[in-house]
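For reference, chains read A, B, C and D in written order, and residue numbers begin at 1 within each chain.
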Amino acid sequence: MRVPMARREADHPRESCGIVGLCSEGRPAAPLAMMALWALQHRGQESAGIATSDGRVAYLHKGMGLVSQVFHEGILRSLRGHLAIGHTRYSTTGVAHLQNAQPFLSETLLGPLGIAHNGNLVNALPLRRRLLERGVGLSSGSDSELILQILASPPEAWGFAAAVEPEGDPWVSRLRCLLRLSPGAYALVVLTREAIYAVRDPYGFRPLCLGEWEGGYAVASESCALSMIGARYVREIAPGEIVRLDPRGVTSFAGGVPSSPAFCIFEYVYFMRPDSEREGGTVYSARLALGRQLAREAPAEADLVIGVPDSATAHAIGYSLESGIPFVEGLLKNRYIGRTFIQPDDQARRWGVRLKYSPLREVLQGRRVVLVDDSVVRGHTTRQLVQLLREGGALEVHLRIASPPIRHPCFMGIDMATHEELIAHRLDEEGIRRFAGADSLAFLSLEGMRRAIRETMPVPEGGYCTACFSGRYPAPLPEEIRREPSPKLAFEGIRSVR
Amino acid sequence: MRVPMARREADHPRESCGIVGLCSEGRPAAPLAMMALWALQHRGQESAGIATSDGRVAYLHKGMGLVSQVFHEGILRSLRGHLAIGHTRYSTTGVAHLQNAQPFLSETLLGPLGIAHNGNLVNALPLRRRLLERGVGLSSGSDSELILQILASPPEAWGFAAAVEPEGDPWVSRLRCLLRLSPGAYALVVLTREAIYAVRDPYGFRPLCLGEWEGGYAVASESCALSMIGARYVREIAPGEIVRLDPRGVTSFAGGVPSSPAFCIFEYVYFMRPDSEREGGTVYSARLALGRQLAREAPAEADLVIGVPDSATAHAIGYSLESGIPFVEGLLKNRYIGRTFIQPDDQARRWGVRLKYSPLREVLQGRRVVLVDDSVVRGHTTRQLVQLLREGGALEVHLRIASPPIRHPCFMGIDMATHEELIAHRLDEEGIRRFAGADSLAFLSLEGMRRAIRETMPVPEGGYCTACFSGRYPAPLPEEIRREPSPKLAFEGIRSVR
Amino acid sequence: MRVPMARREADHPRESCGIVGLCSEGRPAAPLAMMALWALQHRGQESAGIATSDGRVAYLHKGMGLVSQVFHEGILRSLRGHLAIGHTRYSTTGVAHLQNAQPFLSETLLGPLGIAHNGNLVNALPLRRRLLERGVGLSSGSDSELILQILASPPEAWGFAAAVEPEGDPWVSRLRCLLRLSPGAYALVVLTREAIYAVRDPYGFRPLCLGEWEGGYAVASESCALSMIGARYVREIAPGEIVRLDPRGVTSFAGGVPSSPAFCIFEYVYFMRPDSEREGGTVYSARLALGRQLAREAPAEADLVIGVPDSATAHAIGYSLESGIPFVEGLLKNRYIGRTFIQPDDQARRWGVRLKYSPLREVLQGRRVVLVDDSVVRGHTTRQLVQLLREGGALEVHLRIASPPIRHPCFMGIDMATHEELIAHRLDEEGIRRFAGADSLAFLSLEGMRRAIRETMPVPEGGYCTACFSGRYPAPLPEEIRREPSPKLAFEGIRSVR
Amino acid sequence: MRVPMARREADHPRESCGIVGLCSEGRPAAPLAMMALWALQHRGQESAGIATSDGRVAYLHKGMGLVSQVFHEGILRSLRGHLAIGHTRYSTTGVAHLQNAQPFLSETLLGPLGIAHNGNLVNALPLRRRLLERGVGLSSGSDSELILQILASPPEAWGFAAAVEPEGDPWVSRLRCLLRLSPGAYALVVLTREAIYAVRDPYGFRPLCLGEWEGGYAVASESCALSMIGARYVREIAPGEIVRLDPRGVTSFAGGVPSSPAFCIFEYVYFMRPDSEREGGTVYSARLALGRQLAREAPAEADLVIGVPDSATAHAIGYSLESGIPFVEGLLKNRYIGRTFIQPDDQARRWGVRLKYSPLREVLQGRRVVLVDDSVVRGHTTRQLVQLLREGGALEVHLRIASPPIRHPCFMGIDMATHEELIAHRLDEEGIRRFAGADSLAFLSLEGMRRAIRETMPVPEGGYCTACFSGRYPAPLPEEIRREPSPKLAFEGIRSVR
């Protein structure tokens, strides 16, 4: 029985995708895009795709699986041209379909148009309806198809006054139209015949940064993708900003909408790769700071600090550095589980997390342990890990979570859970502790989290989105979304069968 | 090296596709659709697909390869519902892409919409332009996507007066709009949430017939598909007619355009399966009659009549019956060549047709042979077959072709060849004879062809399209198509890479 | 549900395999071997393989599926050398396993040794036992592995006196040892580092012929494989003969066992390709003669002669030529069923043969029909075909079988059926007629069959094996085989799982 | 371009395989074997296989890839029975072939015989020759096939006196014969119709331990496989011991050869999973001790301790605990490289290790770093890692290796490198330091290594093999192996082509 990865990882919020766009002089863009996607593979392993343009024709290849499975030399050679966008996808719907793989590529009156995005449109449903009313058939549930069909028509078609086209570039006015039509939550790369465009929504929920090297420019979800292709980090794309990359260089355009920065703070807690940087700080240092702050807020009498590998290792080291309690490895992660696995009988099913983690008895035996995790969503894995540590001989298990309790679903592109599934929505801290079977439990405070990030991430853009902790959503949410936690499920009209 | 089948068969015109649509009561429609596609497999082996509706949701599965490779039980079970359309495709562009596989399925304001068609839109390019101008992005070069996006909007969007909707059915007025927008050459099945529609263009270039059984109704390109699912042949769908199948029965609507019957006569000569029937006659009898007429027009002094297997066997038997010269098998066809083959070196390449046909020396040795073929396109295979017969010991080879010389390309959905590739465009009959190396050569006359068909196929609809023989195209052709023999190649903006 | 082809074709005896061996000068042997296998594809479609030698190293590739699926250019290039043997396999056990695919290739004290054979060892079980007693582990149920391990040791190991090695060639004495150890029923090609060997058992049950061209020599199951590679037919390998092909030429060695020719007469009736020749006659002419003789023995009052396509077409034409009743196509064969198919529900299962054959109503309507088939095994297909003709409108169906009733299983390499499954073992002619639902039924007499073959196939080697008709087996059969009709099933110790 | 994993990991010695054998009462053995293989996946990712017996028939399935790719529920169900052996393979030859995948399964006179082993036969070549001389053909280069054919015949066939069979069990005397024929270096599991056998060579080079649970017994390369299936660790199989598992229990037999313990010390340094235990100690504690000892022997003035993830993390933590210098993560490992990757152009090739590791600039900037690795083989990765740390901002890099310099190839089943490839064979410590570009370099002393292991692993069996460090090989090596570093390459007679 194949279990989609998404299901197995259900105790972590799931990011939706990594994107890259680049303009390269003198070298084909596709191999660079592929290497950048490699570095972004942690943001999605379901499908991968690249679209390129050689200034005349646009080319597309996408497929299910890891970047290394989808691309090979022959395909890279066929993806001609110096312009490329790429995408790596994390299913947010539970079912994996090639039909939803990005980029999307279409012909338009202005020539080829390719789209890859990260996040989702909070007002996707009303926008779908407007497109359908305009007589456009939509063949997938992907927001990328929505964005593509929105950009395929001029602002007038959307009831806006005919736009002035900056530098005579009609794509900029169409992108401005998109920014007006949808408040978020997306980072977007666009391929046209002659340029790459990069856009962040007015809130800047999702990350997108700019890099350059001798011979080209790139935008990517994270700076680790820039490092991979030998590009220098330059800066973040600003919320509501439109940037064009073409052989003449990088041009910035105001998006024409008021920006209201609200960067997803969970990117620092969990999603981003630790070696990625933003505006002078690295994610790793933010995680160390989260761990240190947690140690200050919630000290513990213990012999060892252990992190849940790999995502909470940095937080745990931070806790250890601040508390003086030694950090050791107490849980091993099995690296070879692969994307699917078989549960041959009930006994195997009962073991659950044991297939993935093994306790180091030698280390744990007779010790009081601080177990640091980055976050808690449903709580099942946490409970199993605590039990695993006890079976490994731990005398006490003190659970420390390097973020506040998650009590509210995300509508800005992260697939977390419904209200009912969130353990912190149903239970208070003591209830969670009892469920997890820990000797003590503490979450990082919201204020403590803000402080740790502030110390390490001097991001000029300002505010953060902390809606999953606080319930205060920065963007207005359509009524139907508030009622229906998973807006994608509302798209039920057509289904691909495999 | 993989050689697409289309290339290998290049000495025959290539049909584009078989279609089926059905409404079944009390049984799932998908298994019936699959069996019907099986019977239509001769009309295309590149890809296959089925879309269904259960009255609420529409389902789609399509893939590359034979029907038996694309579908299996699990997939059929997932294709729920009592309504289905299906498609089997013959590449008309030389390159096989899943992206062009039919049916196409999209969501529209009126619910799900699925399209499968046979043929092509002669005015596809201007229609594409109109759609692009309306701000619709087009992601493939398929005419089915065009048709789908045309039907996704109401007639008003196309500049027609708001239509009266017969029986309040908006799909009928949209299909009438399509009939006005494009003169041909297509047979079309449409899936909506609650019904199947079948349409033939006003000329009726491509075949489409209606059948029924206890518990349902079906339309299909040929009656052999009806027989396969146990349905009785009822009648042809008329040129310009719209038919709706739903659980209440079959309803016919006038298409609202003047019809001008011009059925592709080549369907009788080559495309249709011999056991298919139309309006009281069978294709097999038509082919026997073509052979008989050929024998009357062009007798030969010979010992044996041989047909090129399998397509010209019936014509050859007709020639034999009329002439009294015994019919025997003189060429064997290798049944196991498969869809791809390898040409390991030049010697193999030189052998060409030998991989596919073997001469029966025993039969041919010292005999004067009439070799009957159904048609001649480029002439290369013909030349090799004549040489093969001579090597097999034939004393004389008298070539008899059961159709007139093909001198003009087809713009009505058949991928034949450009003017330059057609041997009868470049050479007269004597030139072809010399090229083929035959002792004598005769083509059936256009009048003789008409007579043979008239005798066996009392089709009430009347006229035939004989444009490839006569150059008289029944429908007005856009200028750009006349200049550019293969209109699909004009669509160069975006490309999928494999 | 995947139904192995063997099951579907169960109403015909099933041949086990085609083989080829060749020595080519100046050109790689593998591409030639592949083309020869192509021509032998009718003898087996389950798996294909080629082993080559470049005089130093031996190379092997084999896989499941058609020759065109198993081999491609890269593989052919890797199969280096001027010596090659090849094999195409028909499963005789019902289950397809790569493990049983041929050739087998092993290292021996004398260097690499490759084996491919056609047929089976009638005394396989006692030989297996002797090998196991000698301490050799056997990893498959294949007789090729048996032969290989027998040839891996010198005659002394088998209790024979140390052999004189003709021309100092130890392989010849080992092959002589094999001929003494097993009476049949096999045709065999052997690859060693420096030569190809070809062997037929002393009865010569299975065919094997020799060809040559400028630059090489080949042996193959049928002459059609020689034609495919441009080689001239030279002669049959004699029963009990050993032939060596190497760059110095062709050398014949006496096998050292008394020969007792008993060529499988069914090769002419059904297995061989019609364009293959043997000793001056072609198989096609033999089949015409069988049909003529049948017409003489069992005339019918009828309007048409129809053959079951494709295997009985020649017999039917012979019947027609002799009787004067016109031959027409009355049944069409669906060419695109593929190797597997799905039976979506019971209705489909009931249709059975209808998926494969369609009646031509136009031809059959109101006619009295002679239906000629080459043989009858279980009778189910026959019954369904008769019914199909009646539904197609035939007034009378006169069944004529161009071979005698099959009443006995074959132990010489053909997978026919058990006694119980053979309809002619259970029922007399009238019983079969009633079961088939025919108006009349006649089989060709054994004497008539012999006469027709004698007229067309002046094979000097003499006798034929007609055991399946007469029950007189030419070779002594081990007791256990007589008791157990399907000897392969006795090998039950180990199984590969897929 | 596909690069086999082995090549990429070339800077680590490569283990050859993990094995498991088990007897389960009341539950099928195959699912348990699969889960055990999962836990042993770190010992080999090239292929996986399981053979089972139900007391009557033996079943086999093996395939290329990870355990999770090779097995699924249907296959597990078909692998019937309560006895199973399993294998997971690391290519030691650079080329991956299904033909070399284990287990091997054959029929013998005593019934089915299955073999899976870990390590290699040091005297494989003379044993091959003896088998070939006995007239046995060998179809692969696998030592498992050798072992199987050796066990297929009784001791007499190998020139030993007819053996007394303990408890009438002929397999025990055959395994004793194997122990006499080959001194090492192997751990072996054997499947017969009625029992599982486990054997370690007289030196005990490779690990093999015994476990039990309510309802069964198991042997496995490492105890982590026992934990995975819920079994308790009981003890190591002793060097030269034979153990039988069957439904009656566990029986131990003396192997009949003098044992001379020489366990591969590198198992502790690198191969074994950290959570595996042996005789009361865990591998993790041994690695901490190696790191501590390294800190005592080779202190450094530095700000941070960094380990090469994941294999040297424990050693680095040990170094940190002893030295008091904080351990942090300074290098990130990309988890998603997959089994193959593409190097699109020279630039990518130059980047090499950068695809796999990223430096954490934030952590490294301006710091003096101790970089701990477990071992150095060729030195290329080491050099690149040092450079990566410098680019990440490290002021000084002090390289500390938790094992002595590897100066000699291994002939006991580990694929390390030839003399010439080993950097420590060519260069002294200062030379290696200069090559690596480190500010200082120290290796752990041989005596320090022994001491650290002694403290944590009170293995009663005694001695260790340290031949790769010291050049003192415990077992006599055939002359041809000493000359030819990679003995497998001597088997050149036959090759499978893919």
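Criterion: a contact is a pair of C-beta atoms (placed from the backbone, for glycine too) under 8 Å apart; a residue touches a chain by one contact, two chains touch by 3 or more.
None of the values given here were measured: they were computed from a predicted structure.
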Any chain in contact with chain A as well as chain B: none
Chain whose Cα centroid lies at the greatest distance from that of chain A: C
Distance from chain D to chain A - Cα centre to Cα centre, in angstrom: 38
Between chain D and chain C, distance of the C-alpha-averaged centres to the nearest whole Å: 48
Chain B and chain D, separation of their C-alpha mean positions in angstrom: 61
Where chain B touches two or more other chains, by residue: none
Complex interface listing, chain C residues touching chain B: 1, 27, 30-31, 34-35, 38-39, 41-42, 45, 66-69, 71-73, 76, 224, 227-228, 230, 273-275, 277, 281-282, 284-285, 310, 313-314, 317, 321, 326-329, 332, 334-342, 344-345, 347-348, 354-355, 358-363
Of chain B, residues touching chain A in the complex: 57-61, 75, 78-79, 104-109, 111-113, 128-129, 132-139, 148-149, 151-154, 157, 491-498
